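Note that the chains take the letters A, B, C and D in the order they are written out, and that residue 1 is the start of every chain.
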Amino acid sequence: MKVVTGVVGNDVHVVANRLIDISLQERGFEVFNLGVNTYLEEFIDAVIETDADVLLVSSLNGEAEGWCRDLGILKSKYDFSDVVFMIGGNLGVGEMNAEELGPKYRNYGFDLVFHQVDLNEGLDQLENYLKERK
Amino acid sequence: MSLLQREREIIVQNEFIDQFDFKEVEEFIKSASKELFISHKFKTTNEMLVQPRGGFPTYDKVFQLYKEFKNSGVDVLPLTIDSNTRLNDYATAKKMLALSEENDVDMLNGYPLINHGYRTTRKMITHYDTPVSLRHGTPDARLLVEIALASGIFEIEGGPITYLLPYSKNFPLDKAFLYWKYVERVCAAYSELNEPINRESFGPLSATMQPPAIVLVIQIIEMLLSLEEGVKSFSVSFSQTGSMLQDVVSSNVLKKLSRKYADRFGHNDAVINLVYHQWMGAFPYNKHYSDSLINTSTVIAAMVGADKIITKTRNEAFGIPTKEANALAVANVKYTLNMLKGLPKISDEAEEENLTNMVNEIMEAVLNDSADTLWRKVFNAIKKGHIEIPFSPHIINANKVITVRDPDGNIRIHNKGKLPISDKSFAFERSKIRLKENERVVDKIIQDIGIML
Amino acid sequence: MSLLQREREIIVQNEFIDQFDFKEVEEFIKSASKELFISHKFKTTNEMLVQPRGGFPTYDKVFQLYKEFKNSGVDVLPLTIDSNTRLNDYATAKKMLALSEENDVDMLNGYPLINHGYRTTRKMITHYDTPVSLRHGTPDARLLVEIALASGIFEIEGGPITYLLPYSKNFPLDKAFLYWKYVERVCAAYSELNEPINRESFGPLSATMQPPAIVLVIQIIEMLLSLEEGVKSFSVSFSQTGSMLQDVVSSNVLKKLSRKYADRFGHNDAVINLVYHQWMGAFPYNKHYSDSLINTSTVIAAMVGADKIITKTRNEAFGIPTKEANALAVANVKYTLNMLKGLPKISDEAEEENLTNMVNEIMEAVLNDSADTLWRKVFNAIKKGHIEIPFSPHIINANKVITVRDPDGNIRIHNKGKLPISDKSFAFERSKIRLKENERVVDKIIQDIGIML
Amino acid sequence: MKVVTGVVGNDVHVVANRLIDISLQERGFEVFNLGVNTYLEEFIDAVIETDADVLLVSSLNGEAEGWCRDLGILKSKYDFSDVVFMIGGNLGVGEMNAEELGPKYRNYGFDLVFHQVDLNEGLDQLENYLKERK
């Protein structure tokens, strides 16, 4: 399984990104890590280039919303029905209600949304999701 | 017209700002209230100054934030800039500011100073008549600093290394040096009109497993680069390491060596202050624990004898704090500092000697580089990996150094990469590390990042 | 039948308790779980034990309180006794307990252990299988301690001085000594059946401007009186003074001297532990400040290297804390202790020497009294004013000693009254005091009492 | 003006009591301080013996209610119409609502009730009360 990952937008929080890289590899994924400061278009390009199964977007600095609202438009240009779109980290500025953020990001086109959820829990859920989809 | 002035005129010709009036700004700074200068405050008080972090997209919210801070007894106000502005992306900042103003939600994690402009911002700053510190993280801060100074913000944080390696992925390092040279010169020039403008380096770096030797080297270098351009008031800083003793040792050595290197380069007249950052790493999600962590940081700050403390809040893990939570933190810190009495003088000879040696060793390697200017020597040092910081997102960072904690929580150099430290110093570091049998270094690091959780 | 046993049988014939079954109690203690003994816990752990304060009138509320405490990670449970029981006024306690049970309001500030009895109380204590510490303040604690031990409470706080001078107005001092001798003997006797019963002295005294010299003398004396009767596990204690350094100095000297005096009197086999009380004086009405104060106490406790810390809560100024507030305090203290790393070893030679001298000087004066037994020597010392405590409500207390804080917050002896300390020691104390011009000592004292407000 | 003061019931908190003594004297009162652990009957006796103008009761340990409920009965036996009855300190167990405590203690027979009120504020109010009564 191939995963493209990185941190979206003008966001330089790299610590989780490094841990995500390591953890995905340990779970047997092939990882393409675009690092921090990655724009949505770059993510989409990488998914196409690598023929990835999963796009795992991180955002920590609270500005993900502004960077992800156009995901729907971008997705509509290609056939991504086999790709899992996943986002996690800290998905709003200030203290957020996780219940509200889920629907919002799913609306943008994400399948799995993890606001302030531990990495391992998120990756467990990803694996479940992949299993069930089969 | 000087070369600098020519460059300045070009810089301020930017589509996102109104006409910049150099004359008027100079007049303003010349006659500005002394209360706006932290350099003046440092001179006239013996107490540790308390400064929070904070910034919101809109003018009104920052105004309200400052009001809360003043009520809580704040000494220095912060102006934290949003991350688009930090990356000179003023167009996005403008768009998000408009969205924030229309919908009353914060679409930016800080104040887009460029878009607000100095005429507006100055109103707020002179209204509160309290020193304001510019907190950004911007590699190219030329325009930002012009606008900040014109607004009455007389402390500028950052530097070519500390605002680059932790804050950028691929901004060119040599440009950062040159752009910061501009900043230093502008600060130096204005320093002659009234009280000195204070420059402050950002010691926390990536706030994650930073070895004190590297932090101190970078603090000293940024200080020298700044003083070299004529700045007269400089603050070195570092953040809580996770070991009380390592904080004390870092402080003792940093105070000693920053003075030593400043004097060695002939800057005997420069005033150097020490700033302590409360824990900058990952915070617990339990707000009571965050309170405990913050208070513990305060106690340590008092023990290390910092001149200023920069505070965190109980909301840190969750997101940008509300103004209430932020002001509460300030009030608590003030209470604790006021109540703390009878602080012991602490030192640890062996640790201080080893840290001093490591800093001197790296400094000598940097200074021995054959380049003609200090900034080029430093540039080469970073390219060679003589200086690098763990968990930097920047492509130029060598990423060879690996640090882990010893059983007392001290951050130790496990892999020295290309760091030019002696075998003896490195052996000292290694001798402190204890890994459990079969423990993988990566698991240890993950655990060590999360010690406060 | 021994004399002691005869006295015990008389003591337990009290209208407020049911039949006391000595055989059954002995059997119970013999086969009691090791987990109930704090002496066992001290032996088997390196961590600082955390113990809150707390007690409510009804069984159910204490049961719920313990549940909260267990969830917050408590190490030692408290059982705080109400003030009527403390003064052996079991009739009032009974009346108030009934009112509390009927109306679901707390008409007592603690648990009336006599009225509940040991059969009932033991159920709760064995249920939680965690050491419980008896917190009372009772000059005549003979019956109370019998019931406590029979209930499974294997740590008994107090002593003839520390539970008299701060806690009573006119209870006869000689009786207190004899009644506590009884307590020591019962504890010593039971100590042979299983793990030792731990005795703990109450170092905070009146919690107000107590000079460390007096606190340490009283700690050492109560320890000796206890060990003399065969007790093998003893905790000396003191509370936060308001100066970090004075806490460290007190701790260093107390550890050293308590061991020295125990050995000098042949009690080499006795285990001595150190307990630190978080700030015991007047608390601020701001709960956030109280949190900050409590956390600062925790940091200091770790720095002085206490074996156990006794916690306060953010509700201290307001009244008996709710179980939630109390458990929260425990969780926060546990978090901080766990997070604190790299603690420096601190000492201050001059201060330690002076404190050591003062303690030795007073001890020598006490021991040189011509009386035949230690308790009589001490009794005379108190009558002569060789030992007295500031802010004691007791009529025997000399009330001559006056203490004030020096600029570092250290509590200093301003008037030495009849304290038998040398001119040199006293001169050291006086040399630290700074009164402002025309400042009245009484105003200084009022201010010094309220330093945490 | 004569004031009888002390701490009521099985209560040994003496610190405020000492300060009250000093403060009253400084304000020119003649003070009869019965100290801690004083029972209601003893207070009443002292008021009669000294012909006091004010009875200032302190309570800190939370148990005042139990000790003061019978004040009405005791007062009814004598003519105390000229004596100001005053109580202050910490007037309940646990965290209390000051608004509820006032009426309760006034009902027992106190003229002035100060729950967790600073001493000087309380004494200022006492002096005002005495002035207005004249």
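The working rule: a residue touches a chain if its C-beta (ideal position, glycine included) is under 8 Å from a C-beta of that chain, and two chains touch if they have at least 3 such contacts.
Not measured: the values here are computed from a predicted model.
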Counting hops between chains that touch, how far apart are subunit A and subunit D? 3
Separation of subunit A from subunit B, taking each centre as the mean of its C-alpha atoms, in whole Å: 30
CA centroid of subunit A to CA centroid of subunit C, Å: 57
Rounded Å distance, subunit B centre to subunit C centre (Cα mean): 46
Give the residues of subunit A touching no fewer than two other chains, as numbers and ranges. none
Do you know which subunit C residues sit against two or more other chains? none
I'd like to see which chains touch which, written out pair by pair. A-B, B-C, C-D
So in the complex, the part of subunit C that touches subunit B is made up of which residues? 241-248, 284, 286, 288-289, 291-293, 295-296, 298-299, 328, 331-332, 335-336, 339-344, 346, 348, 405, 408-410, 451-452
Subunit C - residues contacting subunit D, complex: 83-84, 86-87, 89, 92, 96, 99, 105-109, 137, 166-170, 206, 208, 282, 285, 315, 317-322, 391-393, 442, 446, 449
Give the list of subunit D residues in touch with subunit C in this complex. 9-12, 14-15, 17-19, 22, 35-37, 61-63, 65-66, 90, 92-96, 116
